[in-house]
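Shared between the two complexes below is chain A, which has chain B as its partner in the first and chain C in the second.
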Partner chain A sequence: MSDAPIIQIKNVSKLYGGTVKAVDGVDLEVKRGEFFALLGPSGCGKTTLLRMLAGFEVPTGGQVIIDGQDMSNVAPNKRPVNMVFQSYAVFPHMSVEQNVGYGLKMERRPAREIKERVAEALDLVKLGHLAKRMPDEMSGGQRQRVALARALVKRPKVLLLDEPLSALDAKLREAMQLELVRLQKTVGITFVIVTHDQSEALSMANRIAVMAQGKVQQVAPPAELYEMPANRFVADFIGKINMIEGDAVAAGDGAVRVTAPPLGEVTLSGTATGKVALAVRPEKIFVDEKEPADPALIKVKGKVGEVAYFGSYSNVFFDIGLGQPLQADISNLSRDIEEYTFKAGEEYWVYWRKSDTLVLGD
Partner chain B sequence: MSIFRRNPDPIGPLDYARRFWLRAIVAVTLFFLYAPIIGLMAFSFNDSRRNVVWRGFTTDYYVKFWNNDSLMLAFANSLTIALMTTVVSTILGALTAYVLWRYRFPGKAVYEGGMALPIVIPEICMGVAMMVFFARIGWPAGLPWPINLGSITIAHIAFAFPFAAIVIRARLESFNRELSECARDLGASEYRVFRDVVVPHMKPGLIAGALLAFTLSLDDFVITFFTAGPDTVTFPVKIYSMVRFSVTPEVNAASTVLILVTLVVTAVALWVQNRNNMIGKSAH
Partner chain C sequence: MENWKSSARAFWVSMAPPTFWLVAFFIIPLSLIWLYSFSSKTGIVEITLDWNLRQYARALEPVYLGIFWKSIWMAAATTAICVVVAFPVAIAIVFSKPTMRMWLLLLVILPFWTNLLIRTYALIAVLRTNGFINNGLDWLVTHADWLLSFVGLGDNMLIGPYRPMALLYNNTAVIFGLVYVHLPFMVLPLYAALDRLDRSYLEASLDLGAGHFRTFFLIVVPLALPGIASGVIITFIPAMGSYLTPDLLGGTDSYMIANVIASQFKQANNWPFGAALSFLLMYATFFALAIRAVLMRKEGRGDRR
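Our next item is the complex of A and B:
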């Protein structure tokens, strides 16, 4: 029972106006107790998918199963899920207490139980002292906590969060990220969060589904998503990455031989053939004045272009004779400013490990 | 410290209130707007039958007004009609606004345009139409009070409720639909969502709509003139018939009372609305 996924999305599609595919044949499973993120650019269908879980949108095709129960004919107010809305949707004419107690009132719980559970939920989000406040007397962060308490007090099987942090300022957003993770561990409820902010998804979620154009591109834990993106879209969408175009032919044994003009011919492990991109993350690139000798490296001569200094690292752009520059994040590992200063026009050997290189097909 | 300054500040680009021209325009506007009304009220206390020159203060004409049975009946008629119109127009207006805001249905644009017709149709046409209509369907006359006010009330509701609907509709535009989705998500039925979330948001609109309906009905002359019978004279119609003989201070007194009733209702409504706005401010 507890091994069965809490949410099963089976070949779900959503068409608007008969032609526009907002969600296109999505298959997903969310495990019990997971912190799951739906990540993608705006218009990728992630919010539509979340709203189908809540019951505000009806799938055009496919099936949504929550805790083993088909949700096709279940109205939003009868589903074992609760949602935290992007605008928080705190009822402006009700006090904090009334807001949080509203869902229990709808369940016709006895007044004493409502009182106890509301107090408990408010303590959980550290708002116990503001129970009598009206929403317009609270900050955005506090209102969001009200929205969280109001959803959690119902003890849903799944908590849905629609871009919950997008309206907060940067500092508060970071604090709330940690807070949400703590909360999820405390209550043990499955969280499904929708976000367009990759750092938010990477830092909070156990698993992430990256979506684009209504389709799921990849589902993986954060590190796997970052280090082993399934395709160009995911590689490009998550973090920064350099892509060098080339042609690949199979070289046997799970290896391909890639010809990419500035790099010459390299043999790498991979399966994609034909037009491919050699992809490498900026922080995996090293620079040196001398040519490195190690055959396990890919190396190229580059001329320093733009340099952006970020304190802990510098983002350096090298011209390697391609249309777009190769960017490298060089950690400032010592206090020797001289050593870590790059001047435009200087030439360096730029290199990285073959094993850090991805071969991405189209 | 500005008292000690020799030269006053030059007039800044946004110091509109300090420009002579603007002050003059405001003063003239206010004068033509309020002088007749204040004059009317002042002369209601004039101790003179002819009402042309001021001859001293008296409240005689208010006593006369109070003792004038036909005028008091007209006043009671007007208030009764206005109250019934207000209640029905606000409910109808709210439901109309909600349907137009909440649902999509074929012919919605036509319906929306049609609803606004009573606002754009000249009142005189509406009055004649109502008169002909009630005559045609043979609306019974000579019913006991207040049932005899039915035809006027129906006519008033017909032209007042679209105003209420438009005001309430405008208020609904600012409603955050996530609020109703959220209530639904928390387990509320469609009806509970309407009652617990939508209506509280509509409240300022309901009050404004009700106020509009009340004053429209209380002040209406043209439509009422055509639908009123000999036993169902309203206050404005009665004042009109009195003016046809002569403008006595009694007419002034009656008009002053009408103005005061309107002002009090407006003030109360604005006060309530203001209080509600303070609460509804953070709806988004």
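Our next item is the complex of A and C:
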């Protein structure tokens, strides 16, 4: 039983007004105790999917199963999940204590148990000293902790978080990311977070589902998502990537031969054929004044264009005779300023490993 | 942008008409009435200002206090019924589709486009002995009896004959009429308050295990309290000063304070006493507003963000 996924989403769709497909035939499984992220641009259906888990939206088709129980006819107030809202929705007419105790009062728990569990939950989010405060006397970050405590105190099987960090400033957001991961480890509850911020998803989640236009594009752990994106959308959405258009034909043994004008003909491992993109991440690109000899490299001559200096690395754009420049992140590995200064117009050999190159179909 | 207050001429040009209007048609008449209330009637049309308190003393006699009390009671009943009726209406409007919402709001406002007198006569047509309600029920009973005659239970053996109910010319008719007239005043502020309410509060309450019933009483009502207070005040005050509705729909014992005031100015030709009663009504109104101000200040603490 404990090996069974805590959430099973089976072919779930949501249509608005009979035609607009907000969620389009999604299949997903979330494992017990996982920190799972739904990532995608706005309007991709991730929030609708989360609201269907909470019960605020009814799927047009398909099935949502939580902990082995079909949720089709279960009202939001009867589901074993709790939600942290984007706006926090901390009740303004109740003190912190009353807010956190609300859910337990609804369960008609004895007053003593409520008191103990509220104190425990407030300590968990480090708000023990503010129990008597009213929400309007608190900062946004503190109100968010109240919302967290209020949901966690119910000991849900799954905690749903709808863009929980989007209203916080950058510094607080970073601290809160670490805090959420710590919290999830402490309580051991499955977290499902919705976010449009890829760095947030990458740094917090065990697994991420990337969504676009109502469909799941890829489900994978962060590193796999970054290094082995399933398609152009995922590659482009997660991090920075260079894409060079080309044509691919099968070359046997799980390899394809790609013809891409400035690079010539290269044989790479991959399966996609026809119109493809050769994709390489900027930090996997090296530069040299001399032509590299290693046959395991893809190389091209490039002229320095724009340069952006970031301290630990420089973001250099090379013109390689394509419409868009090739982006390379060059780490500043020594204190030799001369060596790591790029001037516009200078010519270099730009190269990267064949094994670092992805062949992406549509 | 230039501050209009800094230009004295612009200030006076723009402020003079409303100031004149207020002074000529509000402050002066009101002051006259105030002076009347301290005067004595010395002839059929003569009134002498002698700064006596006899009119007020008379206004506080049990007969008139009873009518005051009755007015307050009827207005309170009207307000209470309005809250109970208007809340579901306002909720229905807030949760309807945006296109539908406009039409529903229009339906609420529509009665304002018709004269109160005409609407009240329409109510009389509905409520009187041969009105729509009594005739409609009579029709139902007669036809039910006719249907029962097929199974041998006709000729009023089981039901009927229908005896018309006395729906008009009593306190119930007055309260019915007052509720009908004042309902929009309650629906609109409630609608405004509920419309402002962030839906995620309701969802959070459901999410935390509360049903719709507890969500309504623990979340919706407290958060809509400013709107409820506004609705109560703008329903209660005009309801208490109602003249036409009790006059047309009420019976002999349905007199409210405005009817007494009117009769003092008209039939009894006792302006000083009518003036004193008017001012007592106004003081009662001020008192109601003061209570609201205190309540709103209390509310204000929780409402600031």
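Points worth noting:
Rule of thumb we're sticking to: the second predicted complex is superposed on the first by the 362 of 362 C-alpha atoms of A that agree within 3 Å, B and C clash if a C-alpha of one lies under 4 Å from a C-alpha of the other, contacts with A are read in each partner's own complex, and residues count from 1 in each chain.
By definition in this document, contacts are C-beta pairs under 8 Å (C-beta built on N, C-alpha and C of every residue); 3 or more make two chains touch, one makes a residue touch a chain.
Keep in mind the model is a prediction, meaning the values are calculated, not measured.
Superposition of the two structures on chain A leads chain B and chain C into a clash. By the touch criterion defined above, A:92 reaches both chain B and chain C.
Touch criterion not met for A:130: it reaches neither chain B nor chain C.
In the superposed pair of complexes, A:167 makes contact with neither chain B nor chain C. In the superposition on chain A, contact of A:102 is made with both chain B and chain C.
In the superposition on chain A, A:83 contacts both chain B and chain C. Of the two partner chains placed by the overlay, chain B and chain C both lie in contact with A:56. Shared contact residues of chain A with chain B and chain C: 54, 56, 75-78, 81-83, 85-87, 89, 91-93, 102-103, 106-107, 134, 136, 150-151, 154. Those residues of chain A that touch chain B in the shared complex are 54, 56, 75-78, 81-83, 85-87, 89-93, 102-103, 106-107, 134-136, 147, 150-151, 154. Of all residues in chain A, only 54-56, 75-78, 81-83, 85-87, 89, 91-93, 102-103, 106-107, 134, 136, 150-151, 154 touch chain C in the complex they form. Every residue of chain C that touches chain A in the complex is listed here, in rising order: 198, 200-201, 203-211, 214, 218-219, 222-223, 301-305. Those residues of chain B lying in contact with chain A across their complex are 176, 178-179, 181-189, 192, 196-197, 200-201, 278-284.
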